[in-house]
Amino acid sequence: MNNWKERGIEKIFLLSTIISSSITLLILGFMAYMALPLLRGGLFRLLTEPWMPQQGFYGIYPMIVGTSVISLLSLLIAFPVSLGCSFLISSIGPKSLSAVFRRIVQMMTGIPTVIYGFVGIFLLVPLIREFFQGGSGMCILTAALMLGVLISPTMILFFCDSFDRVPRSYIDAADSLGANRLQTLLYVILPSAREGIVIGVLLAFGRAMGDTLVSLMIAGNSIAEPKSILDSVRTLTAHIALVIAADYESPEFRSIFACGLVLYLFITIVILAVRRLAFRKSEERA
Amino acid sequence: MRKQYVVAALAVIFSLFVLTADCISGELEAFGGQKGTLKISGGTAHIPVMKEAAQRIMSAFPDIQISIAAGGSGVGIKQVGEGLVNIGNTGRKPTDDEIARYQLKVHQWALDGVGVVVNPKNRVKALTKAQVMDIFAGRIDNWKSVGGENRKINLYTRDEASGTREVFWEKALDKGTISPSANVVVSNGAMKSAVAQDSYGIGYVSVGHIDSTVAPVALDGVIPTIKTVKEGKYKIARGLYSNTKGEPTGLTRAFINYLYSREGRKIVEKGGFIPFP
Amino acid sequence: MKQAGERLTIWYSWTCGLILTAAVFSILAYLLFKGAGAFHPKLIFGGVSPLKAVLLQQRVFDGLFPAVVGTLMLVSLSVSIALPIGFATGIYLAEYADFRIKNAFNLIFDILAGIPSIVVGLFGFALAVFLHKHYSSSIQPCLLISGLALAFLVLPYIIRTTQIALESLSPEIRLTALALGATKLQNLVYVLLPQSLTGMISGVILAIGRCAEDTAVIMLTGVVVAAGVPKSVFAPYEALPFYIYYISSQYTTPEELMNGYGAALLLLLLCLFLFALAFVIKKRLSYLAFYRP
């Protein structure tokens, strides 16, 4: 009797797992299915043509460029700052201050994305417009700055976590050799936490790529390829939000599923890279 | 003698009151006894009017639920065609193709225009049609070429589902190109706040939406106001339409009739449009 | 030389800390400064008496009440869908799955966690359209579809926190009951789950926070500009984050903008409150777990 109950419960749990995982695959399936007619028309065309539906061009190239540029720029802005902050929290700052700072960073992860976008429109956009004396203020730079603030807490917490995971023995060894906290950080912890840092960067990159609100609200959404960081640009995510209106059978509508597909595949690649690195690190550890 | 006049006057006033009161409540009375949900989506220019009408109806009849979504004229047509909403608002007349495909019935309840707007601080207040075409195509990119300061022109345009954009493109730009590097905003309200915040911006917006936060630009000498649209002087005119799939029935029919009623027309006027017919 | 490099690092780290703190405080201060003025019952109830509004006797038209209710209903719906499935999956992965299967599923759920929210929303929308066309034309983007899509979004959070909470229990705790003759299920229900409750609850609160703040998913699956308090799960609804997004670009009067600031402040306080709650619960429960007499 008990055995039936045990097996039954296990089967129920297994069923839930299958349901959950099938959702992931269903999402991929739906994207591919809806984008299929467009893909059949030529994958290369889709990925490299500009977006001009009135002239029959349904390519998502400008949006791919937009997403890549904004994400990379935000990473470029956020990485040094996050690294410095994580140094501060884990080693350089005095204990009490570091604890407070860590709380502040943890609290930042709770701030909704729409708030960043909202404040961005009213605070940052006019600032950039005045500072550069030109452009509408809604451009790659503004979006990248806001996005950088958005992804920093995740990166900082991840870095601190990696620093904390460095084996105690390493730190003790450095201590016994007379190194102070900073030197331990720079010459012992940092090299060991190298993979952790890369993983953190990749995860933040994934987050930046997938963000919708910030780029929808402050990047301008133009359909041209950007030529400078003060140009208005549209990301894949904002494109989905903007074009959802079109007719269900039209190529425009299908293009947003192509965008979804591209995003899905980008993320999968990032996740796979992260797993490779994590696996290597744990092997090294063992 | 005096007293009689006073009484007579009071009687007249009183009966006037009674008569008109009957009229006013009569328009909303059509909703009495109705219940259920009415779903509206589509054009963003219509939203203030829709919200006001919905508020009055829902205050008087709590059993009725009216929901209003945005999205643009393209969304309106598609959603009403697919049966996702009861009324799809558009800022342009649906094409024959769309009407045939979804069996749409078109109800026009207002006249509106699409005007070019700039920031109030901008000293350029008049442009020729050729200049407007060149600006939006990106051929003219500095305000000094049209009499303003030496600053780059920031273009704002609407998304592709927009009826406002469609009308502007067809009538003001003669189907010319809109520069791909223009900033895209998603509604009339968004266009207004974008231009209101950007001293060097230029865009186009429904005439009914123009208020003191943006400055209208005269096109070939005609300033886009609701008056010039009515008189036919301002050529970039368009209607505001509510489309239904087939003949409207029940709650939908009551709502559409309400838009044509006297109270409805007042609401349309308050929104800055010209009631039609 | 090295001395200089080290000094530079210290100076650099402090600057970074300062930059980040300045950024976050300017955001919060700006919102507080602009939104505090809008913080009074009129913001939420728009002129209608609060009691009447909450009892649904009178409709609120100019206030945030419908949006707040919409958000609350949405969160309850999506969390109640995601919770059972997420818990069960997390338990399965931690307790019953063997190594290879666990790895494969972990990869799938990592991908699910990484999918951008708008793609999840797109999926929800496509699902609604698909069902609308092929099954029943009364299925439309609505509260239910949004709840479902949001459940998909937060599922990986719940799975992951449940799994980690269970896996981080020490071997002693795991083996004790088994050694005393309990079955696997009894061990799970009476020993393991209570011990990992803190982790699981913080996962739930994380999920609640995520549902409350998400905009991209609900934008595509049923949130509208004006709908009042939803009467059923098949109705369109309003939500706080969408209201903020909508007002930010489409405010027509300064009062509306003030409302937007107030709404932004409200949402911010709500999410920070949830975050603080998760933290407190974690501390409280671990205190209880250790010091229970």
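Note that the chains take the letters A, B and C in the order they are written out, and that residue 1 is the start of every chain.
Convention: contacts are C-beta pairs under 8 Å (C-beta built on N, C-alpha and C of every residue); 3 or more make two chains touch, one makes a residue touch a chain.
Remember, it's a predicted structure, so these values are computed and weren't measured experimentally.
Novice: Determine the shortest chain-contact distance, in steps, between chain A and chain C.
Specialist: Between chain A and chain C, the shortest chain-hopping route counts 1.
Novice: Which chain pair has the highest count of C-beta pairs that touch?
Specialist: If you count contacting C-beta pairs, the leading pair is A-C.
Novice: Of all chains present, which has the mean Cα position farthest from that of chain C?
Specialist: B
Novice: Could you put a whole-Å number on the gap between the CA centroids of chain A and chain C?
Specialist: Computed from C-alpha means, the inter-chain centre distance equals 18 Å.
Novice: How big is the gap, in whole Å, between where the Cα atoms of chain A centre and where those of chain B centre?
Specialist: Taking the mean C-alpha position of each chain, the two centres sit 39 Å apart.
Novice: Just how far, in Å, is the C-alpha centre of chain C from the one of chain B?
Specialist: 37
Novice: Spell out, as numbers or ranges, the residues of chain A touching 2 or more other chains.
Specialist: 248, in rising order.
Novice: Identify all positions of chain B at which a residue touches two or more other chains, and write them in rising order.
Specialist: As it turns out, chain B has residues touching two or more other chains at 82, 185-186, 194.
Novice: So which stretches of chain C touch two or more other chains?
Specialist: 249
Novice: With touch defined as at the start, can you tell me which chain A residues reach chain B in the complex?
Specialist: Touch list, chain A to chain B: 50, 52-53, 62, 125-126, 129, 133-138, 220-224, 231-232, 234, 242-243, 245-248, 252.
Novice: Mind pulling up the chain B residues that touch chain C in the complex?
Specialist: Chain B reaches chain C through residues 37, 39, 41, 44, 47-48, 50-51, 54-55, 58-59, 62, 65-70, 82-84, 185-190, 192-194, 209.
Novice: Would you mind writing out the residues of chain C in touch with chain A in their complex?
Specialist: Listed in rising order, the residues of chain C that touch chain A are 5-6, 9-10, 12-17, 19-21, 23-24, 26-27, 30-31, 34, 84-86, 88-89, 91-93, 96-97, 105, 107-112, 114-120, 122-123, 125-127, 129-130, 152, 155, 159, 183-185, 209, 212-213, 215-216, 219-220, 241, 244-245, 248-249, 260, 264, 267-268, 271-272, 274-276, 279.
Novice: Of all residues in chain C, which touch chain B in the complex?
Specialist: For chain C paired with chain B, touching residues are 59, 61, 132, 137, 140-141, 224-228, 231, 235-236, 246, 249-252.
Novice: Please give the residue numbers of chain A that touch chain C in the complex, ascending.
Specialist: Touch list, chain A to chain C: 2, 5-6, 9-10, 12-17, 19-21, 23-27, 30-31, 34, 80-85, 87-88, 92-93, 101, 104-119, 121-123, 149, 152, 156, 182-183, 186, 206, 209-213, 217, 237, 240-241, 244, 248, 256-257, 260, 263-264, 267-268, 270-272, 274-275.
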